[in-house]
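Chain naming follows the written order as A, B, C and D, and within any one chain the residues start at number 1.
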Amino acid sequence: MVIGKNNLIVTLSCPNQPGIVHAITGALLEVNADISESQQFDSPNSGTFFMRVQFATDATVADTEAAIADVAKQYDMDAHVYDTAVKTRTLIMVSKDGRTMNELLFQQHAGTLPVEVPVIVSNHLDLQPMAYFYDVPFVHIPIIKHPDGTDNKAEAEARLMQILDQYDIELVVLARYMQILSDEMTRKLDKKAINIHHSFLPSFKGARPYHQAHDRGVKLIGATAHYVTADLDEGPIIEQRVQRVNHALTAQDFVQRGRAVEGATLAQAVQWHTEHRVLLDGDRTVIFE
Amino acid sequence: MVIGKNNLIVTLSCPNQPGIVHAITGALLEVNADISESQQFDSPNSGTFFMRVQFATDATVADTEAAIADVAKQYDMDAHVYDTAVKTRTLIMVSKDGRTMNELLFQQHAGTLPVEVPVIVSNHLDLQPMAYFYDVPFVHIPIIKHPDGTDNKAEAEARLMQILDQYDIELVVLARYMQILSDEMTRKLDKKAINIHHSFLPSFKGARPYHQAHDRGVKLIGATAHYVTADLDEGPIIEQRVQRVNHALTAQDFVQRGRAVEGATLAQAVQWHTEHRVLLDGDRTVIFE
Amino acid sequence: MVIGKNNLIVTLSCPNQPGIVHAITGALLEVNADISESQQFDSPNSGTFFMRVQFATDATVADTEAAIADVAKQYDMDAHVYDTAVKTRTLIMVSKDGRTMNELLFQQHAGTLPVEVPVIVSNHLDLQPMAYFYDVPFVHIPIIKHPDGTDNKAEAEARLMQILDQYDIELVVLARYMQILSDEMTRKLDKKAINIHHSFLPSFKGARPYHQAHDRGVKLIGATAHYVTADLDEGPIIEQRVQRVNHALTAQDFVQRGRAVEGATLAQAVQWHTEHRVLLDGDRTVIFE
Amino acid sequence: MVIGKNNLIVTLSCPNQPGIVHAITGALLEVNADISESQQFDSPNSGTFFMRVQFATDATVADTEAAIADVAKQYDMDAHVYDTAVKTRTLIMVSKDGRTMNELLFQQHAGTLPVEVPVIVSNHLDLQPMAYFYDVPFVHIPIIKHPDGTDNKAEAEARLMQILDQYDIELVVLARYMQILSDEMTRKLDKKAINIHHSFLPSFKGARPYHQAHDRGVKLIGATAHYVTADLDEGPIIEQRVQRVNHALTAQDFVQRGRAVEGATLAQAVQWHTEHRVLLDGDRTVIFE
């Protein structure tokens, strides 16, 4: 079997109607697409059709965009073409806890996660050595509270905006970045940033969730990876995982076990996002695993 | 090895202080207890010490109570002695959905759950045949709403109280009994009834939790088995389990998968309770698995 | 949206080549198929393409077979069309343990499993009452060992063959039927029967697997649901599940916990099979969940 | 409450007989032990009694050893006293894959794993930078095959023995060290080394287990952490975990997912071992979680 030199992905969503798959697979025949993976979903909630196709071809991204242009227009599709060889430019934001950043950088280095991390931003210096070990520039943007009650948040976010542009960032991963973002910032990052919530949403919103969980005597703790939206903790959920706990564990033990679940949950969400497996159906996600 | 003819369990809780285990194991030597299982927990939250000991002995429950009486008094213990041959007299309350009742009755019949179910109560007739198949009396207590806006809830609960006494009920299992109990009833059942909440508490309290979960696009659904207290849905949690879901499932699919988790969660909670493995530490449970 | 009156499923497999999806979706446009679910898989191991499409249509099964006939021939497809309203005629075979049979019959009754069970066969009488409770004929085919060393296995299997024909059986579920089938029988049942293996295959083949597992001190036990083939315990795996165990459990506890996993694993396999979600890729299964 | 300045652990095993707990808790009263955690297990298989007690005290390890000496002798105990402030001196052995080493070193650094890693040994140089990042000496012991068919294994193992002594190593973690150890070496490491087997033992022993698993079409893959014994892959199992897989994954995907499970499984086993929670009951382990 002759395999095309490029490995491309098409994702699309459009109002559902008969003939979509027939039309799009017809268009892909024009670029001799050898389909290796294809998934689709017809959302009964929104009446929207979703599809993801991965294929080998000699054609380029631009060739493929041209080949599907007519069909995309006819069916009013929101369609995107990606080259799997092009990794998602990802900014990691952290505070002091390096577990998740360590996981993401290790996997980037090992080649098991299709991200390119051109820069790391933190409000603390603790994780600078780890960033340097992986040869990633580390930008320290401290958050300073002045004696007169004012702070430098506005300047800090302006600096962050600058970095997003300068490094051409496509995805922001909030890997336990413990600062609340301004409304302007969350609007700019809308659906382009993934946050890990240290709880099994929608339980235990707010501060010290593991202590809340411990007070309540739960038997499972969990973590939720979700897109950032203006409404904090309410963005579309990408992944949730849980970990068993029991009466003999302290709230501090909950925190430690919780950290491990958070890291695994966030890494999974980043992997699906950067493999272009996550599509948005209103406030819900469609995950083409 | 000569094995005692009785298999007994002692559970106890008391303010923590040095010497408790030494004292209680000393007292148990008097009845020649051959200990097969022993667990203890010192709660840092409440300063309470908890212990469960299972052992073979020729002594009776009364002998053992006498043997530990002095120690129990000295250490201000809440202590209980059980004979594993005596099964917990359990009332199952249901409405129309028989999945969990089916599981409990099957396991009672198979001898894998130490319960004796002398009677089943329901506000509907649907599950009468299944009760009869397992040779269990079935009492139908319909809830009737009169045209004038009144109902028979008070009479229904009076009948239920009567049944609790008549059948000498030690445990009530609310196996998807879809009626809200009065404050008087929940006070009477306080810590003596186990409810299955069709959600992963404290998420999604209230009506149609699976639909709420579906609207929110969660990736895991779960169930919570807890003791009934006056504060609905806030009683001490005994067990929680989850089940993976995804975007392709409908809210109805969530309900069906949720039912399976509910049944397994409730059956586990009933098993631990009837094996005397659940002790109460304020609003939290200590589970000696 | 006008929904077709029939809910049909097409499954197909064929040598992989470009254009298959375009061709089959084109053919389905002829019957105005409104696709609700579609999955495909291109096996790199065997070069085979697999697809399952579920859709609403006013056309019948015969109409749809006619509509796809040319495409099926052109691409050398092994294609099948099913109506979801037609339930799979399923024979359950048991010995003395009724847990899995109880689960299957309960779900058939509740309408959550698309099976019709016209008859149950057992070599013991223990489960006759449960069969009758669910209004299913129960055929007792005892296996008798004669004093001269001969047995009635041949006659028993002849009777079983007769029942398969008489009741027009499409699927046989070996729900802990503890008899070894003859080569002739396994050939007849090849890929048409699902067995639950009381172990996490390929570990612990043979007798008393939980005792083997206990001797080895494993920390997880499991069950495997697989198609019956001539080579016992080696048929294509449909589902596997595990359950955590620990040192404090006896081999008998392993058995009891194992039974619960077995039942859940087999029920899942039967569900996928009867929803036509399982396709065969040589010795491996493709599961379109 | 006055808390003792030392946090000690006693582990013991001895032939089971009445009075052990009473005797040992009596002895511990002499050092004013304030017990925070205590577990025991009476193995019906071997007739052996196991116990682990953790407590605060002003007494030292030596004081405690003296306090329990008479009881230990009387009951023929194999008893050990540990100070939780003293971390287990652990040698990590690796080849090229750094995932598990990364996890262990990160956790050591974060203080969540009670190990001290004074040295890392590898037959390759790939992981030297990561070792240096964590300030751990890295000893490269290459395995060389000479053109005449001989190799330097004997010299390599002699060097390893030297390192075990030089660094006073208490535990060896084979974190994907891909060399087979000599019988002499495995005897020296007997029960003092933990290996991660890249399979769910006892399935798929031998080379390329994920490829074996893929060929067999399993639905779950797993990993097993076990003590090293002379009989390769047959040492006492400490922990096993699994990960769900499906038909769409390649053997290479199995490997990648398997690596993640291996890392988590080995890290858990090392944690339990270094917290002195693992006792040996013949070929089985008792884990006091």
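The rule is simple: a contact is a pair of C-beta atoms (placed from the backbone, for glycine too) under 8 Å apart; a residue touches a chain by one contact, two chains touch by 3 or more.
Going by UniProt, the chains are A, B, C, D = Formyltetrahydrofolate deformylase.
Predicted model only: the values in this text are computed from it and were never measured.
The greatest centre-to-centre gap from chain D, using C-alpha centroids, is found for C.
Of the two chain pairs examined here, C-D and B-C, the one linked by more C-beta pairs in contact is C-D.
Averaged C-alpha coordinates put the centre of chain C at 42 Å from the centre of chain D.
Centroid to centroid, with C-alpha atoms defining each point, chain B and chain C lie 36 Å apart.
Along chain B, residues 37, 44, 248 each make contact with two or more other chains.
Interface residues of chain C, counted against chain A in their complex, comprise 1, 18-19, 21-22, 25-26, 28-29, 32-40, 42, 44, 47.
By the touch rule above, chain C contacts chain B in their complex via residues 37, 98-99, 102, 106, 110, 112, 129-130, 133, 248, 256, 264. Of all residues in chain B, only 41, 43-44, 200-204, 216-220, 222, 236-242, 246-248, 250, 281, 283-287, 289 touch chain A in the complex they form.
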